[in-house]
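Here is the structure we will look at.
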Amino acid sequence: MSEEESSANNDGLSWRTIMETVTPHFKLVYFIKRILCSTRTKYQEVDIVEIPDFGKTLFIDGKLQSSVNGEWVYHESLVHPVMIAHPNPKRILIIGGGEGATLREVLKHNTVNEAVMVDLDPDVIELCKKYLPELHQGSFEDPRSKLCIADGREFLSKHRNEYDVIIVDLTDPIKDTPSVFLYTREFYQLVFNALKEDGLFVTQATSIIHTPDIVASIYKTVADVFPIARVYHVWVSCFSSLWGFVLGSKKYDPTSLTRKELVTRMRERGLIKRLKFYDEIIHEMLFHLPKFIREDIKRRGRLSTDKNPVYLLE
Amino acid sequence: MSEEESSANNDGLSWRTIMETVTPHFKLVYFIKRILCSTRTKYQEVDIVEIPDFGKTLFIDGKLQSSVNGEWVYHESLVHPVMIAHPNPKRILIIGGGEGATLREVLKHNTVNEAVMVDLDPDVIELCKKYLPELHQGSFEDPRSKLCIADGREFLSKHRNEYDVIIVDLTDPIKDTPSVFLYTREFYQLVFNALKEDGLFVTQATSIIHTPDIVASIYKTVADVFPIARVYHVWVSCFSSLWGFVLGSKKYDPTSLTRKELVTRMRERGLIKRLKFYDEIIHEMLFHLPKFIREDIKRRGRLSTDKNPVYLLE
Amino acid sequence: MSEEESSANNDGLSWRTIMETVTPHFKLVYFIKRILCSTRTKYQEVDIVEIPDFGKTLFIDGKLQSSVNGEWVYHESLVHPVMIAHPNPKRILIIGGGEGATLREVLKHNTVNEAVMVDLDPDVIELCKKYLPELHQGSFEDPRSKLCIADGREFLSKHRNEYDVIIVDLTDPIKDTPSVFLYTREFYQLVFNALKEDGLFVTQATSIIHTPDIVASIYKTVADVFPIARVYHVWVSCFSSLWGFVLGSKKYDPTSLTRKELVTRMRERGLIKRLKFYDEIIHEMLFHLPKFIREDIKRRGRLSTDKNPVYLLE
Amino acid sequence: MSEEESSANNDGLSWRTIMETVTPHFKLVYFIKRILCSTRTKYQEVDIVEIPDFGKTLFIDGKLQSSVNGEWVYHESLVHPVMIAHPNPKRILIIGGGEGATLREVLKHNTVNEAVMVDLDPDVIELCKKYLPELHQGSFEDPRSKLCIADGREFLSKHRNEYDVIIVDLTDPIKDTPSVFLYTREFYQLVFNALKEDGLFVTQATSIIHTPDIVASIYKTVADVFPIARVYHVWVSCFSSLWGFVLGSKKYDPTSLTRKELVTRMRERGLIKRLKFYDEIIHEMLFHLPKFIREDIKRRGRLSTDKNPVYLLE
């Protein structure tokens, strides 16, 4: 705690907490200043709360999804590498992403004509619209946006050869939750089919520190479907962790772009000055995994299939 | 928790915890498997415990200092940038660094003739020697090592124009602890004086996420003394945070080295294959701060002096 | 956890907690199933939540006030000893008691013509009316009830020689809260004046285990004003503690009633079969303090005055 | 926290905690000042720690067993009712009770010629002898004491018609621990057989608040074996709970003694002034269960047998 933040300690008003289970032996305790909303939708438990230093924060089923102070590191890292790797991304599909922050980042690319967001849970979207305008920043109202309340897997099965970029922004594949089947080989095959012949996709891939097995399994599963597969990583301060992403591509390799090409694309698409985190150097950093992580990913994990899926225990 | 780690949950034997206060509104709870040592030295409270996933871990005054699983990110990032920036570092001074892991990394540079480690608390060193061989890896026995039990500030005041590199590896400047006065302008002046005319130094600089004011203050204070001052950062998984470092230099700029020069120096000094994290690309990454952090550091903090020091409240 | 309650563990849906500070070294963590209401009134923070085993529970400023499963031990012990000790209690004044459960118990005595409840915070009463009908059980609608939104101390200062029984049911005297001045000699003098010449009063008196100094101070302060003063105690399971009460009386001594007299009064007033906890034997138990508590109360505490009040630090 | 205890808050040295699971939705967090011993014996995990307000405290497998400040309520309540109910208890058997505090209370009765303590785990006894002299107070050295390291059930099976009083002081019957089979009908039959024809026995019976099913089951199981069976209860502050006990007797009924008889026996046996909690009035209080608890015990629980034992899930 720095000097100027100390007064927060004196109010003595912080007994409400969320205790997030990272592993059975490591938990994070957030002391909540205010509860904006705490409810159960048809599919999940949703809490939107205010935490000092983190700001307004969305939890789904007890897992921190986004904090106003710092979510941009996650959302810029999820969206821009895959978007910039495509020379002209026009039609974009987002699976999940209820807060609207992934949509927000996608729409910053002026090449985009259509951004379809498919989410199962309309209540989460409504709650985020109401309580978290800092996250969506009006992106649901953009004429290029199309919201579709549907099961992501079912939606995909009805679309072939249609999208330039698909972005999968879902909760972790926790045992006995439906998310488990949105990280399997069969799911990635549907993603592959829905992409155009030069399409790319990306998925969030859980914590690289606490669940390296899961990251490695997602990588191995994506690599089984796509000719080009890349793991990348970024520290996400509001997740208190180093986060993994897996990118699958039919044609373009995001790691082959020069810094100059990256800057040119960013400039042409009107991104410069609109981002807080991502730039051409960070693009490179994201894909440069340190040796011990490279070895971890090689050594761990396995193919995840509908019949034998990989999942987290909590 | 990944699939294979789950059995840890079934033993039900984890009620002993350390609750680390990151800010008044954010705490980390570690569930301890085994307590190897829990004691009070003349200066501080020391706990060496085993935590699943983290491995053996040292806490000083309730703050996590090093975990066997992952400490190398911190120690390699602390030591190698400043060492590699010097063309021929022979005499090295470490202030603090009781675990011996900083010493271990320093000794990997084959240019080093003498590595003096100055620490106030002999008991911490003895406990680390006994319980944490994974950290020091015998570095205290290296003939180039010299251990000196003394107050760091007093030691510095007796040495002028002597060291090529000085590494400051101390606990955070928490209110009412002696560390506060090892982060002030007067202290950095002593460091400056003890360095040779082309010397460099580095100090750990607290969490860039949770105490940005402190990082910015240390930067501003070092920049007031040294002609060249740089902030750099790395994600330290065992600290669950993005960590800050501040480097001060009389002559050499660590950011001006090309990747080729970095590789050449690493090869000449026998570092290649001995490191788990640091390499020439990571060197560049460390110094590339994202935009929102650059702005934070510009905007926050102030000069810290003996008379008006900057400190954390807890 | 007993066998049949275990399924609660399997839902994995309990990350929302309230961490109640009992002492700086002892905290209680409640895992919340559902948040019914979490808000700030003009005067205090109010949370009404559902906790497995405890049932719906009211917290004020982070302190548990009443749980549906078990509140009756507290409320019956607060109300009936002082009511039964009066031969014919007709006009009753309750200071505090926002949940309406104290009022509920008072109204069970068929001697009562008028029960005035004075509480500062109308919002707490409205929230309890709405969310906690199990507590008030309609007592606010009883024609004998009179609700008065006012400062208790100011109210008292306007009433002399009026009430048979006064019941003080307030939050603990925590430093820098207004409750501090509702436990001083000056306050008890106002209570004394508002009572008829044979009146009695009782106040809750904090935890006998965790704050014996406070219990002893309240006793010494009441004994300074009233000719008859008695400490009594009961374990309150929803407070996880042994609770203290202090009774002051102008004439009647509650400890001098025989079991037979107690039963007669209970029968005449229609109490038999309407109570879950209190009976003639428990009446005796309440006032029988074990030796180590008697000694604690003798040895600790001091007079609390407006000028030099006694309070808890948190 | 009362005024004079507040300085404890300022040392800021309390990050080591034990988080005791009472139910899956209710946990107690103790902040530890000092760890005296933390180890694993052949049978169980043992922690002896110092907690402000509680004093030195023994935990076995993460469950608080005894705190120096307050253990006497538990130990006096366990021992004296059953001892006083016997007109002349000479040979006593204690099963469990490693701390030596149960033995200490038994030896206060000057009728006792022999007190045999049977405990499975010699290490716990050694650790308690070394670190917790406040508990045993030298009772292991009393010439009437006999310590026997053995399995309690096996020991019992070899003794018939031998003891006046048997006291069972064990950890709770937690699933998958050996204690489960020391609360079954078969076990109580062995106890019955080992008692003389006018013998009595008592067992601790878990928390009456948090595990009423277990208390009721123990009662029903004891009542199935002994002609006289009684549940009694007491608030144990260091357990933060209302505790249950079950007494089984072949002949004497502890509830039929008058206060005068109780005082006479206490005086003859030299108990007066040596006890902090138990007296003739408290004896009566222990056995007077409030209505809602009586109903709970009637309604809940079932016979526990070796084949179908009753247990707690954690």
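Labels for the chains are A, B, C and D, by order of writing; each one numbers its residues from 1.
The working rule: a contact is a pair of C-beta atoms (placed from the backbone, for glycine too) under 8 Å apart; a residue touches a chain by one contact, two chains touch by 3 or more.
Remember, predicted model here, so these are calculated numbers, not experimental data.
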Provide the labels of all chains in contact with chain B and in contact with chain C. A, D
Taking each chain's centre as the mean of its CA atoms, which one is farthest from the centre of chain C? B
How big is the gap, in whole Å, between where the Cα atoms of chain A centre and where those of chain B centre? 32
How big is the gap, in whole Å, between where the Cα atoms of chain B centre and where those of chain D centre? 50
Please output the residue numbers of chain C that touch at least 2 other chains, ranges allowed. 19, 29, 31, 314
Under the stated touch criterion, can you name all the chain pairs that qualify? A-B, A-C, B-D, C-D
Residues of chain C defined as touching chain A within the complex: 12-13, 15-21, 29, 31, 34-35, 38, 40, 45, 47, 59, 61-62, 314
Spell out the part of chain A that touches chain B in their complex, as residue ranges. 1-6, 8-9, 14, 19, 23-31, 33, 51-54, 70, 72-73, 209-214, 235, 237, 240-242, 275-277, 279, 281-282, 284-285, 288, 290-292, 310-314
